[in-house]
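Below you'll find the structure, written out as structure tokens, and then a few comments.
The chains carry the letters A, B, C, D and E, assigned in the order they are written, with residues numbered from 1 in each.
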Amino acid sequence: MPINYYIYLSIALFCIGIVGVLTRRNAIIIFMCIELMLNAVNLMLVAFSKMHHLKAAATDVATTAGTEGQLFVFFIMVVAAAEVSVGLAIIVMMYRNIHSVDVNFLNRLKH
Amino acid sequence: MQNASHIIYLIAVLPLVGFLINGLGRKQLSKPMIGIIGSGVILASFALSIWVFLQVKSGTTGTVHYFDFINVGDLRIPFEFKIDQLSALFLLIITGVGFLIHVYSTSYMQEEKTGDYGRYFSYLNLFVFSMLLLVMGGNFVIMFIGWEGVGLCSYLLIGYWFKKQEYNKAANKAFIMNRIGDLAFLIAIFWLIQKLGTVSYDQVFTPANLAKLSTTDITAITILLFAGATGKSAQIPLYTWLPDAMAGPTPVSALIHAATMVTAGIYMIARSNLLYSMAPLTMDIVAYTGLATALLAATIALKQNDIKKVLAYSTVSQLGFMFLALGCGAYTAAVFHVMTHAFFKALLFLGSGSVIHAMGGEQDIRNMGGLSKKLKITFITFFIGCIAIAGIPPFSGFFSKDAILLSAFEKNPVLYGIALFTALLTAFYMFRLLFITFTGKFRGTHEQEHHLHESPATMTIPLIILSVLSVIGGFVGIPEALMHGGDKLTAFLSPVINVHEGHPVSHSTEYTLMGLSTVLVAIMIGFAWFKFRNYQRSEATGFGKVLENKWYVDELYDKVIVNPLHQFGGFLKNIIEKKVIDGLVNGTGRLVNYGSRQLRLLQSGQVGNYILLMVVSMVIFFVIQFFLRK
Amino acid sequence: MGITQILFLFLSVVALFSALMVITSKNPVYSVLWLIATFFAISGHYILLNAQFLAIVNIIVYAGAIMVLFLFVIMLMNLNKESEPRKNRWLKLAGAVAGGCLLLVLVAALRDTDIKLQKALVNQGNIGLIRNLGKELFTTYVVPFEISSVLFLSAMIGAVVIGKKE
Amino acid sequence: MNALLLSAFLGVIMMFSGILLRSKAAVRNLAIGGLVLLLVVNMLELCGTVFFPIDTKGMIVFDNFALLFNTIAFAATLIYLLLSARDMEKVGINYAEYFALIFFILCGITLTSSFKSLLILFLGIEIISIPLYILTGSDKRNLKSNEASLKYFLLGSFSTGLMLMGIALIYGTSGTFDTTSIGAFTATAPSALMIAGMMLLLFSMAFKASVAPFHFWTPDVYDGAPTVFTSFMATIVKAAVFIAFIRLFDDAFGFRDKQWRLFVGILTVATLFIGNITAVFQQSVKRMLAYSSIAQAGFMMLALYAMNTDAKEGLLLYTAAYSFATIGIFAVLIKMKDYTFEGFNGFAKQQPLLAATTTIFLLSLAGIPLTAGFLSKFYMLKATLGTGKNLWLVIFAVVMAAVSVYYYFRVIQAMYFKEGEGQAIEVSRPFKWTLVILAALVILLGIFPNLLLQALYF
Amino acid sequence: MIPVLLILVPLLAGMASFFLKNDKAVRSWALATSVVTLVVSVLGLTVMRSTDNLQFSCEWIQTIGSRFSVKLDGMGQLLCLLNAVAYPLVILATWNSPYKKPNNFFALMLLAQAGMMGVFLATDALLFYFFWELALIPMYFLCSQWGGNRRIPVTFKFFIYTFIGSLLMLIGILYVYANTPDHSFSMESFYRIPLSTKEQYLVFFLMFIAFAIKMPVWPLHTWQPDTYEQAPTATTMILSGVMVKMGLFGLLRWLFPVVPYASWNYGDFITPLALAGVIYASLIAIRQNDLKRLVAYSSIAHIGLMCAAAFSQNISGLQGLMIQMFNHGINIIGLWIVVELIERKTGTRKISELGGLAQKAPVLAILLVIVALANIALPLTNAFPGEFLMFNGIFSSDSKYNILFIVMAGMGIILGAVYTLNMIRKVFYGDTNELTVKVQDISWNEKWVLFVIVGIIFFLGIYPQCMLNETAPFIGPIVEKINAVKHFFNK
């Protein structure tokens, strides 16, 4: 499968994530969009890892080239999980105080 | 004259010492003490001057070099005194007349408080000191030092009664007018330095160096020097300070006008006569300026009613004559007139001083009259002075003025005509003064009248001496026409001053001229006698008013120069400085503040906007990276 | 074209569509569900790329744990269509345009890179298998693995600090 | 390596100390002791004694540069704890946890200062960020604190996304995460993919270092966070990020400077401009310091721009100077009730010693000679000029430095020249002495920078 | 060793006096220190003239090739002496003026002295810059702590203004440094470096702006009158007497020899500015009603003349400048002292409110007149030789417009006479008024300070050569260098 397809696909997902971040006001949704961006990255990494593997395999069949890419994805998931736990905690705390998750209410600090 | 070098400096230093003693000890010393010290030092240096004069006469001249004043790179300005015929002569005049004036002052200033008395004499001594520095200086810089020194002293003396602000104004005027001239002098010096790298007379006035100077150089330098002279010697356009200088005590006026300050310009030009002889253009300028000044001042003097003002303008006028002479190349004549003028003008001033003394400070001649009965000596001496200045033979004035007229005639008969006319005016206003003051009936108040008295001996004796001098002073320069070898002065000065080669006039013409002038002067005196024998006060009208107001020259200067500068200063102070320059500086600060106030609005507090801005800038960067730059 | 192409296209379309639905649907709960769908599609891609381990982890961690967590939070706050805040139109538009531009720029920039001819190995190659990954992870990548524990510790403390009532 | 393990370990210890130790003083002393230990151990490593030689497969390399920076960071943290640890009590109940988080952050710092693999960089940045989100929000009752932490979190994770995308693209072309080999690769084959990745990394790092136009989070977060923690993240963390920044671009993209130098230049100018100009009009000293930290970041960017040995030395010096001074100022600020400029009026009469030291710190920040601040700025300018033909950048920087004088001196003016009774604040004697020592340190570094820098040349 | 002492004595003494509490003690301490400094500098001028006494150098920041090297050479000598002479005079003259927190006041004063000494002594560019700022900072605090009521904004303007300048200078220094072959800040390598024309122009402006602001040259002068007016008089004396000389000194030591061609080439551009400043300032001074501002503007005028003389770049001009820097320092301090006395005695600085002081305080009047006349460069006062040489230098500079320049400068001295004499007239002459009637004459310390100043004025006015001999060997090389470059570029 041509690598370009994967690149386009994940960039598209990534940008959709960004658009989401830009167009929504609900903190949780924004956060979800960020997760979407991360997943786009994951997909791209996996695709690349396979690509490099293919490239390496041309010379050496038993190569493990490309593993690092997938492991990186693994680490990204790890971090994402940690982030989610903290992030949701913060959002909940926020909600406790102002009973809203609307980021537009975050405007005490400015100028 | 190395043998004399160890005492030459005393001539200048003695007055300085007097200045220091009187200045510092003015509180402690008693009045007579002060007077004795003040006059004594001058007398001493007068004696020395005579000694020096004899030395010079016996032919030993030279330059005495003391220490390096400034020595930078290849420019060396030593502190040196030059003793030659010219300076020796001036030394005599200065110290001699100066001494008499000191003596005179001792009683004239009696009423002053001791402290002020001391201050007065210290100033006088300082004045003499600077003047001596001026004439003894062996190079232009030393001359300049003395030059500014006398300016300073005139400032101090004119403003001697510093409680009266208008006196101080007069003092400032004198100083500043002089400064303007001094600047020109200074530039001339720099010009010399730039071209020749030296300012010492001995090196400047050598054929080799003079040859180095182009015509433009010489013309420029001479004109600048002359501009300097106009300041010091009160010529057009810088003469207006001199009449105002009457603010000072009368002896001071005598000192300034007769012996010292004003003659500095003449001395300077006479000193650099070699330069001038090489610059015909400048010569003309000098001549015409001098003549114009003479005429202008004479006309003004016609209508003045302040006894000292009249004399002041007559001084200006006489100085004009001297410059005329210089302009005509008759340096000797000019110096000659300096000498005679020193005598009779000092005489006249001191006489007027005695009159004022008698009148209890009254200076307006319209309030005088008939003083001849009460003030005999004063009257006689004053009369002699008038004759001398009017130029009746054989009084001193006659010879010097005749020499000047002659030189004018040689240059150009028209000049002669105007000069003669001016001379007649001189005779007229001097005798007007004489008659109004001393003849007719007394017009003052009664207490003035019975307060009238002859001045004490310390004042009259100088008068007598001076009157004698103004009678016989002329005999040192009897024209060749009248007596072979009579012109001793020219002979004496010949080493310093090159005798000018005009086309000499025949003796017959000379006789005619002398006769003409004498007769006309006599007629003028008669006319004055007829007109002012018994004078009634009358308001000047029409042209007379213009003359009385000195052609409104002062007003003109105020309008054209002083006020505009003042306005401009205010404009700079209030508009340019405050609004423009400082405005720019502070404006920058305000701009930053404003920018800050606007820029912080970017920090809207909205997460959405933040991310949007970030994304937009990312897009921009990507575009630049991938599509705009190659 | 072969089955893989079809699958690829199908999964891509699903992923993109559900991603779009995530950001467009009014109701947050729907957004979550659509996001889960997206993740499933992505996991599908992983399987297609023969990276089973990641596919599984993705399902378990993301779709399973994280998204459920999201769902809980949303339900806890019972956010719904009505309570959902709206950005004003222009800002939305601006955001969309900005994102679109970024997409365009990136695509245009990466259209022809030096690797555009290369292919990603599909449904074969065994690097994605647990055996291989596990070996790598606990030999070469053991240090980062341990370090990530620090991350979790801090996250845990964080959750405590933030969540604990005072 | 020593520091890495020890800091993580200490973090765990502190985590439990909350339960084991009753008194807060004990916890605090434990933390300080641990930090001293950490500092010592790290310096030992700097001298060449490594306790746990662990093979990291070349993902982490502790070279002098890294170790020296760690030393600076630990030292700064130590001073920070000595000055402000007591004030953490005011923030909330989880006293011990705060220390734990701080230690974890230090662990992350050791990573970011010594990474050789993008993976470690990523982990390091995250290990720094996540605890910071928490510390920012740790004052739970305070809405500002909440807001700050949520903003920080959202923006932060967004930038993480960017960073990951960048890493992915780079991996796509080079097929490795090892910065050195990436550098080798970029030296030969530049590709659009690589450049795009590089720029995304640039952006995300710029975000972490609060470089305009990615700085927006900084003022709000610094302002909202509890002042104690603002002090920490504005100084040590920011410094660490910069070290990572320069390290990354030196190792990985050193050869591709044509592609990024222009943008670094633009970012620098923008940062200097926005930071300084915006700070001028602030009314609260705390927020002013937030902006000033942006401005200082702009100066540190010059090091990145120049990217030569001078720049690296200078950056170390700069981080030290900047951290010390800022920590000092914050330590005083924390004691204050009123954070506005007026709050400082007549402070010199109230607390002459504190005022004097604060003045020294402010002078240092303003870059007045005889303070470390000057020499560090000096190094930056020198490095930038060293690369040649960017005089205008330098002049701009200098003009902005002059602007910075404006807002720093407002504080000095308030303390000394403005009339006012000054706030009555009570400070312990040790606190004063620590401040004095810190001030002395600032001046010492300002006169003999070599004391610090020669450690690089062992 | 001498130069190190010159810096260390005031520095350490200054530090120490922070901790003195008693007012009299502080004053005496400061006075003692300054006298010691004076003695040291006199020693340096007279008996201990061997080179190893007059210079010192040691490692400082090896990594960037900067050494702590100081040298007391003919160029710095006069200014160090001035600096050393000024302090005792100032401290004595202001002995009775009260300060709150006198310990801090004198401490800062001494620190400033150390800084200025360093500026005049440093032969290492970085060191020079250090001291340049070290002199500035205490001044800032002095002015805004003890100044008048508009002090804070005014002094701050002064600080920012000069600070921007010095930062630009720093860039200039760095730029030159970056081009030195041996990467060192030492004066020698700075002098040796040949920069291209373009670079020279660049460096010239970067550094000249700093010096121009410090001097100050029109139109960068607006900080100066306000500062002089607001600052405490003692500080003002130091500012105008010694500190402004730093700018001129900088020209001579760090600008002309480093970028000779640019310096020569921009002469015709700078000189008119400076001379325009002379006329401008004089005209404003004529209209000033505030004594302090009047003196401030007269100072601007004099500095303008000096700047012009500096750019005449021939022996005469520079020699004149050297001695004039010293003399102007002495004279202006004298003037300030008088102003201070008048203000203290009458409580006003408004010329229009004064008058007739000469009757009440004759000694003061005489001394003022002398100082004032020195200020307008009357012959036989110290200012005359200096101005004479400077005028001569300006006139004989190889500029096409030297006639114009000399006339402009001449306007300066005429206008100078105008405002000085008017000031004397209005303040001292005329009749007394209710303000001045109760004034009594000056006390012993003020009298003696002024006597010393007058003494210096006359001595140097009559025998300036003693100073000229000192500076001659150091002016020559600069001029030669410039001439060499000039000829090189001309052909």
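The rule is simple: contacts are C-beta pairs under 8 Å (C-beta built on N, C-alpha and C of every residue); 3 or more make two chains touch, one makes a residue touch a chain.
Bear in mind the structure is a predicted one, so any value in this text is a computation, not a measurement.
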{"item": "Minimum number of chain-to-chain touching steps separating chain D from chain E", "value": "1"}
{"item": "Third chains touching both chain E and chain A", "value": "B, D"}
{"item": "Interface ranked first by C-beta contact pairs", "value": "A-C"}
{"item": "Relative to chain B, chain with the most remote C-alpha centre", "value": "C"}
{"item": "Separation of mean Cα positions, chain D and chain C [Å, integer]", "value": "32"}
{"item": "Cα-centroid distance, chain B relative to chain E, in whole angstrom", "value": "37"}
{"item": "Rounded Å distance between chain B and chain C, as computed from the means of their C-alpha atoms", "value": "104"}
{"item": "Mean-CA-position distance for chain C and chain A (Å)", "value": "5"}
{"item": "Per-residue overlap in chain E, given as positions that touch at least 2 other chains", "value": "160"}
{"item": "Per-residue multi-chain contacts in chain C, two or more chains", "value": "87, 91, 94-95, 98-99, 102, 106, 109-110, 115, 141, 144, 148, 151, 154-155, 158, 162"}
{"item": "Sites on chain D at which at least two other chains make contact", "value": "119, 123, 126, 130, 133-134, 137, 140-141, 151, 154, 158, 172, 192-193, 196, 219-220, 406"}
{"item": "Pairwise chain contacts under the document criterion", "value": "A-B, A-C, A-D, B-C, B-D, B-E, C-D, D-E"}
{"item": "Interfacial residue positions of chain A with respect to chain C in the complex", "value": "1-9, 11-13, 15-26, 28-29, 31-33, 35-36, 39, 42-43, 46-51, 53-55, 57, 64-68, 70-71, 73-75, 77-86, 88-93, 95, 100-102, 104"}
{"item": "Residues on chain B engaged by chain E in the complex (per definition of touch)", "value": "67-73, 75, 115, 141, 144-145, 148-149, 152, 155, 159, 162-165, 168-169, 171-172, 175-176, 179-180, 183, 186-187, 190-191, 193-194, 565-566, 568-570, 572-573, 576-577, 581-582, 585-586, 589"}
{"item": "Footprint of chain B on chain A - complex, ascending", "value": "18, 21-22, 25, 30, 103-104, 106-111"}
{"item": "Chain E-touching residues of chain D, taken from the complex the two chains share", "value": "310, 313, 363, 368-370, 374, 378, 381-382, 385-386, 388, 391, 394-395, 398-399, 401-402, 405-406, 409, 413, 416-418, 448-450, 453-454"}
{"item": "Residues of chain E touching chain D in the complex", "value": "60-64, 129-130, 133-134, 137, 141, 144-145, 151-152, 156, 159-160, 163-164, 167-168, 170-171, 174-175, 177-178, 202"}
